[in-house]
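Labels for the chains are A, B and C, by order of writing; each one numbers its residues from 1.
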Amino acid sequence: MSRVDLRRALRDVAVIGALLSVGVLAVFVRARNLDATAASVRHARAAAIAVAAGDAPVVATAAAGVVGPPRQSPRHDFLRRRTVMTATGPRPLGGPTAPAVDKLLYDAAGRFDRDGAFAGLLSDGTGRAVAAVATPRGPAIAITAAAEPRAPLPWLAVLGLIGVTLVVAGAGASLGGRARGVGVGLGLAAWALPATAWGGWPLGLAVAAVAAAAGWAHAVGATDRVGASVRAHRVALSFLGPAGVAMIVLVVVPFAVGLALGFYDHHHGTWTFVGLDNFRRILSGDGHGLSDPLNFWFILGVTLAWTFVNVVLHVGIGTLLALALRQRWLKAKGLWRVLLIVPWAVPNYITALIWKGMFAGEYGAVNSILAGLGLDRVSWFSSWATAFSANVTTNTWLGFPFMMVVALGALESIPRELEEAAEVDGATAWQRFREITLPHLRPALGPAIVLGSIWTFNMFNVIELVSGGKPGGSTDILVTDAYRWAFERGEQYGMAAALGTLIFLLLLGWTLIGRALTRGDEEARP
Amino acid sequence: MSRAVAGVAALVALVGGCRRDDAAVTLWHAYTKDERAALEAQAEAWNQDHPEQRVELVAMPYDGFGDKLTSAIPNGNGPDLFIYSQDRLGDWTAAGLLEPIEFWIDDATAGRFTAEALAGLAYHGSLWGLPVAVKSLALFVRTDLVSTPPTTTDALVAMAPTLRARGVYPLAYPVDDLYAHAPWLHGFGGAAMDGDTPTIATAPAVAAAAFARELVAREVVPRDVDGALTATLFAEGKAAMAMSGPWFVADIPAGVPYVITTLPVVSATGRPAAPYLGAEGILMSARAGDKDAAIAVALAFTTDAAARRRAERAHQVVPNPGAYVGDAGRDANLAAFRRQLDDTVAMPVSPAMRAVWTPYKNALGQIVTGAATPAAALERAARDIATYARTAGGS
Amino acid sequence: MSARRPRLAVALGVHVGLAAATLAALYPVMLVVKKAFEPGRQFALSASPVPHHLTLDHFRDLLGARGSHGELAFLHHTLASLIVAIATTVIGIALSCTAAYALSRFRFPGRKAALTSFLVVQMFPASLLMIPLYVLLHALGLLNSLTGLILVYSTTAIPFCVWTLKGYFDSLPRELFEAARVDGAGPLRIFWTIVLPLARPGIAVTGLFSFMTAWNEYILASTFLTDEGKYTLPVMLKSSVGQFSADWGLFAAGALITSLPVMALFYVLQKYLVGGLTAGAVKG
């Protein structure tokens, strides 16, 4: 027996026990809420049956009575009056100043007419229940007066369990040897009892399995190794911690939820698990021809073309301008550079709206310029090629400065002497570009191209605000198409999420390829 | 730096954390300008009379207003009351977002409104809101460019050669938008919905779409304009007439001489072009906190007197016949829109209608540019609608 | 290519090319400036970037507009946007500097995984994270609050910032750290007194990026915020040019005012911009 053994055992049961107890308490809260609900509903039904039999209800009710059939207003069939027969006599239901509880009776009678006898919680969140049973004169309806009280948290039981866990684990540790792992496992296994009581035997088994795994991990020293590793890297981990936690809560969790939603179908607020059906619908084209914008492969083709054309233009224009700006004899370099960066500085939704205005109809600035040059005016958003060009023009405008700046940065790292030496050696401009400039550009442009292509691939604002998918959704890219599934095609969030997952997988693949091509700056460095 | 972070966090908590008065009835709306001012005046008056039961207005941008309600209400972040047109009643009632209000409405209260306007807010045997305004398209005519407004579509088409010679289009409206196309669709005897079933590629619909194509081909209307560009063309005298609704008045600059009149008769059928009738109502959330207070506010905001003040101040076409006295009764613009109301078709309420707009717009876009024949484009739209509605419109 | 006296044709070509690119870059901006100072709600139907009449009406309307509680609406939105953008920048930089430092200077199990996940998570389109985020913010009670928006924006900005800063930290000479460690400086001290001052260009660039993320975003903002008083500038500006009714004059004036802070930041930070983005990559 050693104090070290004891400390290790207590550490492990404390960490794992804390996790288990949170889970078990959550199960308790759920179980007791279900109990309270069931009791409320039971009471409401008993009261309704009593009313139907003409007796006084045994539980306190907010309202109870037999509600008569609706009488339609002569002018509008959707305006209906009802009368309730209560213990104190008949009373008309409704009117501009009717009491609130009458509305509940009235709505319950309407629901009875549609669905027959029922019992359930009111949807107003008060925890009260309502029940209706049939009588010859109409439904007998009862509404409970208040929510059932809920059982308090079993603090004593929890404290006792914690005590049992610690004592058993401590005892095991003091015996030493094999008993250490057994003690940890048995101590934690105590939580299986409340888990079974509140959550049923599968949950109890799961807790027991976790306890056994923890005991085994303790016995073979796995927990010690994890603990030692955390201690050894505590500085690094504490630097990474804040960002890590923020990312997990606000990015990774929504991301995981987003992935999961792809396996569900959403219809009027209810989610149904449909397995891979959304993916099947998307990948099979769902009966739409290849030239139909509702076919995934068409949209994918447009997206790839969009990304490729944009990135080529961004990099091409950006690099050319960077090369021009690097000329040593060029005057007022700073001014040129500032002016050329302007498109980057304008918020991109503003850019998109401006360009949309410029391409608009017959009268937009672009068409005015064309007319001024003696060319035909173009109806930009009525054919695919022109609408696509309008999108590309806009995105090129706002995207080239980033690549220009990256290229400028890369070019600055070229030693002047190297170039001058090459010049003295009589190398041609093309040779100098290929042998000196290009090798310096590549390491900077590689990652920038990967990043830029991801941004372009997901460039929602430009597509949505400039062409809006016109004509007929054919200039949509995957993100805007997914957005339409979510918000313009009957809230089919499941389809949208499945598309999101596919976008994610595509970009993941592309990044892996991209990193292989630029051959990871990561590994190259010491 | 950490002190700076704490300082910023505290400041943020100050700005972000201020809660709104929980006892108040909140009312969300997407009104701007005059309509907003009139509503705010009404709320102000209510709050003075009912300091214990205040109403709090929250203005929203129109774009995305409906989606915001859809997501906010089930999560309990929504308003108690909101003002919206009836076109999403089907969706929202199916999702349980709305509170039926017929319980509170007796015949006397119902009698405030025209039967059509009130019926517009009814769906599946229940009433879901009290109407505050009715909106339909009508014909805006620049009197400096057109002396006699056309009463038939033939007359309209005949205006093209002379006006085009001066670089002016006879008419502007968003040709590819179903809402703006609906007058022709109904004038040719068609309809977009039959109950809960979309009726897309029907013979009248094809004829109406072919007519829209003819309007573009003969340069009666310009090809790609949206609502905003319609306003520009009309304001700058590049379009002699515009088909738009009551909101258009605010877009016409001072000094442009115009009148509002009813839409022409479709010459091919002899039936009047009939736009959609949208009833904008105060609707109650199923999650409203104090429903008695909420209905009291809704009732007070829709009395004849309240409607009259809205008509006078915001030039709203109010659904209360009793409100058209005094200035509201003399308003020529309101009178024109009320005449147009006789030839309107109630906006479809069915959830399936939500799947119709986008494919129909795509089809019209192709038809008017001649990229597809009316029949082929509409048949494809019908297929797309079936795809969208597969799970969404199933109920 | 770097000859002291260029051939005339080359010089001419470079100048013409630069002038054409600059003209293309500035033309749309000039149209906005024109609309902002020209009377009328509509977008002008002409290609000329020179206004016919000058007016300050749009700016007066914009700055003078009152919200529902009588407050100056535009100032209110500007303040909200500034708070969100500055807090996003500060939080984003604080979190990404520490994380990037850990990833650049330390070797620990899970480092590769962390680096990869920082890269990977930004591939799920943000517009689709909206629904889960909405539910999450609702659960945290942060809907309709600028705090919620700040948290979302700063975490969306983190991945890019971490990667850029890590590249920058990697490029700092190792000997500096060794020397400091020999002098007995702890990791926090090294980070605070050596790394941060040296990495100023990288920090400036990532700060600019975080600021722009928050300053320019409108989809999430318009979904999460309900109180008009809390709207950020993009939400307000976007709603001024709706589908049915558009006030381009107001929009142009607002766009101009909105773009100015970012342009000013670009101007101030441009000397950092060139080096800051690429330092890590270039050195490798």
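The definition used in the following text is that contacts are C-beta pairs under 8 Å (C-beta built on N, C-alpha and C of every residue); 3 or more make two chains touch, one makes a residue touch a chain.
As the structure is a prediction and not an experimental result, all values here were calculated from the model.
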Centrality ranking, top chain (CA atoms only): A
Of all other chains, the one whose Cα centre sits farthest from subunit C: B
Distance between the centres, which are taken as Cα means, of subunit C and subunit B, whole angstrom: 37
Chain centre separation (subunit A, subunit C; CA means) in Å: 23
Where subunit A and subunit B are represented by their mean Cα positions, the distance between them in whole Å: 32
Sequence positions of subunit C contacting 2 or more other chains: 43, 45, 94, 131, 135, 238, 241, 248
Per-residue multi-chain contacts in subunit A, two or more chains: 360, 363
Contacts with 2+ other chains: residues of subunit B: 67, 76, 232, 238
Subunit C to subunit B touching residues, read off their complex: 40-43, 45, 68, 80, 83, 86-87, 90-91, 94, 131, 134-135, 138, 142-148, 150, 222-223, 226-228, 230, 235-236, 238-239, 241-246, 248
Of subunit B, residues touching subunit C in the complex: 1-2, 4-5, 8-9, 11-13, 15-17, 20, 28, 32, 40, 57-64, 67-68, 71-72, 75-77, 226-228, 231-232, 235-236, 238, 247, 250-251, 253
Subunit A-facing residues of subunit B, complex: 67, 70, 74, 76, 91, 94-96, 100, 102-107, 109-111, 115, 118-119, 122, 125-127, 222-225, 229, 232-233, 238, 286-287, 291-292, 295-296, 299, 351, 354-355, 358, 362-363, 365-366, 369, 371, 384, 387-389, 391-395
Complex contacts: residues of subunit A adjacent to subunit B: 73-80, 93-96, 98-100, 102-103, 106-107, 110, 123-125, 265-269, 286-288, 294, 360-363, 379-383, 470-473, 484, 487-492
Complex contacts: residues of subunit A adjacent to subunit C: 229, 232-233, 235-237, 239-240, 242-244, 246-247, 249-255, 257-259, 261, 317, 320-321, 323-330, 334, 336-351, 353-355, 357-358, 360, 363, 365-366, 368-369, 372, 397, 401, 405-406, 408-410, 412-413, 416, 419-420, 423, 429, 432-433, 437, 440, 443-444, 446-448, 451, 454, 458, 460, 479, 482-483, 486, 493, 496-497, 499-501, 503-504, 507-508, 511, 521-522, 524-525
